[in-house]
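Multiple structures are listed underneath, in structure tokens.
Here subunit A shows up in two complexes: once beside subunit B, once beside subunit C.
On to the complex of A and B.
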């Protein structure tokens, strides 16, 4: 490069400024970008968090101030006492949801591990087709199949039972769990399994000693997602239960009265629904990052 | 410890034949190297011994047993994988001890055996680490220790050194050789590296396209290749192979002519000669002259590649020999060290 620009050529703007000037310009641009990013982030955060914040606030409001747009009120635990009272008996719904969700996780996780292993490692006829069909079930809107389920369980005399809810939720979460866990098993180098077989392990021992520990982050993630999905499930719970097996989200309906909705109780129950899921989501996040870092030894 | 016997073993995937009608006897305590380019069937052959692959036809014997229908566990073999096949979630100690754990060896006994195996490959200071915290060479040692922690009937090694850097490979090669000397376990070793094959093997089986091309001691493979494939595959730099014809026992190819090769008159001949059996000197001093195409100093010697017309030859010259690219040089063949092959059948022509 020459110091004096040739006649007729435009001087290179970059070269006309000193490195110091360029550095400042870059910093300014960066700062502008940062401000913009921050602004976008704030908008998103407000949009996402506002309803949750509103719910939390409402849960601690007394009925008198529920309809006031204020954040200045005397917080009370009255609503929580109320929902657990004999009148609303949310405790029963919590128990129902817990039984169903935990049963679903306990059944779904080992089943999904087995199926995922088979889809990942074994050769059998129609493997691809079967896997595609399993995933396809995920695209069927729940509303479209709730009626057949209703008829089926009515015929079997299983309406309003844990069993029906467990089966229905299993059919919902299993494809997802199989798909997630299969991805993790696919990433395990086959040599580790072959080495274990030569070291003397049978098929099930290989799965237990090698595959499960190495796919553990994926299995944990899938299990917790199954728990969350089942815990939050509304539609099937709404249509397949009446009194005995009503799950927690459906319990919210009982706060809709003829004189109007009792929002402060809805909000208090909402918090009860959300808190455990919040902790589980944090566990997932930890396992997910661990899964990313674990990888195989190459 | 046991011998291994392949009796008419074929492995097919659909129409693709991986291994074709293999007959091979591996003697007890032998170190047999399966050598060949990738896709030649060497790894498949070994995996069939391990039980990771089922033969389509034929029988595989280990000692007195037909192992075709045995699980890997029942075969009592140990294998070292190219990618080591370690268990990343276990410590080095648990990795080495896994075969013992699966086989229900009592804990105290297992502990002593793990210690002994770790000592043999100098891993004792690393026993409590996870594989991720080890170097490539150390991981390789873990895989090795895991395979020798219990004395199996057969060792199988699938390119165990190919993921290591060049220097480490040489060290580990020497250690493997010593270990085999010490343990005397029948070993099948798969590699595409001829140096490993030459240095380690009792016998080498050179494979190509699912067929053993030649099975012999390393020096025989090197000095007396059975066909064109073996001749071209073994040796680095590889053997010069020149297409031409024989006329009254002299070899003619384009501008070069070498008298005294023998064999009378014959068309479609490939003459092979190793670079170390070609001498380079001043122009006119040899059997024919060529023009230097490139010169490479390797340290211990100089590789001179020269051309005449379409013919190109590489010669090992003395390390003090000097020449420039484009210069003319005189070349001579050590006629006693030439090999003749039929260009069509690629088989060796023995005079």
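On to the complex of A and C.
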């Protein structure tokens, strides 16, 4: 980027070029590369931000402007007032999603820490097999799980309850949490634990005082991932709830009416679904790659 | 306390929960798939009919093979494109330069978004009258004006694939960045000094060393692609016809729209079997060099 144009040099494809000419050619190619790279980056940024920006704009458009192809309009909060009104009552969906997501995180994280510690530090029979089977359960399609649960919850009169949603959501996030946290515990030097053990600390003391603080970034990463996955979860909510426990993403469906979809309300709800998750994702951004790769690739 | 007892104590709650929430329903599903179970006729499971639900799928249901073809098309397009985009992004992000931190930050956004929301947004964006994508495409390519994307099989598939690529590319980009960063730079440097072009260095030096990570990413993405459901519901509903009905969505329709639980369980199990084979190969690769 810093080099200046070099007039009077011609690209030379013969091999008779002097080192000076070759240097110039390389610089020119580099400049072309940099321009190309900048162009590609702009395209990517547009592709990432355009759908999000369009949604944000739509959420602040008045219904008349929604059906126009424009970014120029007078912003209004009418749509947000509308979705919180008695008719749509999106506040109830927010409450449902929060209760389910927070419960899942509160249950899954401590269980995962315990299991991850055992898999990382202790010796016991069938350890490797058990660990692989836990990972395998991540790959079971949700359709195969939801059918028996539907029948079971119907029999037990638990359809459309928080309990049902919490249980099925745990099936998806718990193996993931164990996997992630184990990766972080593996990375803690064992000497720190041994020193404390020699000083007479019991295992649980060691876990609480040494392992948990040192693996904290990993625990946070796992917890936030679980939160995002549960919050955005759609299939279980779609099939196991009717009106009382409907989570936020499923609430989007209620704007699809016979006379058409009320897009401005979809967009406003979309913003409410997305903003907290953006915030949480930003928190764990630094650990994003680390958390994923520790378990996946070693 | 002995290590074994401690391990048992620490593991039992998590293992019990995993067993109850996945292994138990999986066994019930298998059991159901061998029975005649139609909710429209009776609330209770009917008689044992052996593998009839499976022969129904493979032999008699003309929709089944159509759905399998759609599933294969979707997985191949989706995985291929996601990997290409993710690899391109990873290479781009690892180069020094202006704007990389910003790009890395905004790449988190698609991943944090709910797939159901992405699906419904795509339907909005592709509305020929007022959709942001459709109108922009129409302005650049006039023959695409007023095209109903979700009435055309290829365009509907394209829309579905593009939404999933948009959602997943960042995740796999970060994963591949980890892989690329762990390649010792000396090897690439040596090739460059020997006069290899940038493309040759990438193809013959970088890519072979990235292969283990890439294989894991491809298998993982295939599994995710087979699981896609939310965006199908909110964007295409499997249409037009069955053109975007993947196996998972088909099993859902049979089970929760037609209430044929026995047949739906069999279909879900065929999907589970496919995923199981993929997952086992994933395990073999991922654990090859593990302690």
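The rule is short, and it goes like this: the second predicted complex is superposed on the first by the 255 of 298 C-alpha atoms of A that agree within 3 Å, B and C clash if a C-alpha of one lies under 4 Å from a C-alpha of the other, contacts with A are read in each partner's own complex, and residues count from 1 in each chain.
Methods note: contacts are C-beta pairs under 8 Å (C-beta built on N, C-alpha and C of every residue); 3 or more make two chains touch, one makes a residue touch a chain.
Here the structure is a predicted model, which means the values were calculated and not measured.
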Open item on the list: One more residue to check, A:189. First (subunit B), second (subunit C), both or neither?
Closed with: first
Open item on the list: Quick check on the superposed pair: does A:214 touch subunit B, subunit C, both, or neither? Answer first, second, both or neither.
Closed with: first
- [ ] Pick one for A:95: touches subunit B only (first), subunit C only (second), both, or neither.
- [x] neither
Open item on the list: Looking at A:201 after the superposition, I want to know if it touches subunit B, subunit C, both of them or none. Which is it: first, second, both, neither?
Closed with: first
TODO: Return the chain, subunit B or subunit C, that is in touch with more residues of subunit A.
DONE: C
Open item on the list: Is A:44 touching anything from subunit B or subunit C once the two structures are fitted on A? First, second, both or neither.
Closed with: second
Open item on the list: Going by the contact rule set out at the top, does A:151 touch subunit B (first), subunit C (second), both, or neither?
Closed with: second
Task: Residues of subunit A at both interfaces, subunit B in one complex, subunit C in the other - done: 296-298
Open item on the list: Residue numbers of subunit B touching subunit A in their complex, please.
Closed with: 50-52, 71-73, 77-79, 81-89, 98-99, 102-103, 131-132, 139, 143, 146, 156
Task: Residues of subunit C touching subunit A in the complex - done: 1, 3-4, 6-8, 10-11, 13-15, 17-18, 20-26, 28-29, 32, 89, 92, 95, 97-99, 102-118, 120-125, 129-130, 132-133, 135, 166, 171, 174-175, 177-179, 212-213, 216, 220, 223, 226-227, 229-230, 233-234, 248, 251-252, 255-256, 261, 264-265, 267-269, 271-272, 275-276, 278-280, 282-283, 286-287, 289-290
Open item on the list: Under the stated contact criterion, what part of subunit A meets subunit C in this complex?
Closed with: 34, 37-38, 40-41, 44-45, 47-52, 54-55, 58, 66-69, 111-112, 114-115, 117-119, 122-125, 127, 130, 132, 134-152, 167-168, 170-171, 174-175, 178, 203, 228, 231-232, 234-235, 238-239, 248-250, 252-253, 256, 261, 263, 266-267, 270, 273-274, 277-278, 280-282, 285, 288-290, 292-293, 296-298
Task: Touch list for subunit A against partner subunit B, complex - done: 189, 191-192, 194-202, 205, 209-210, 213-214, 216, 294-298
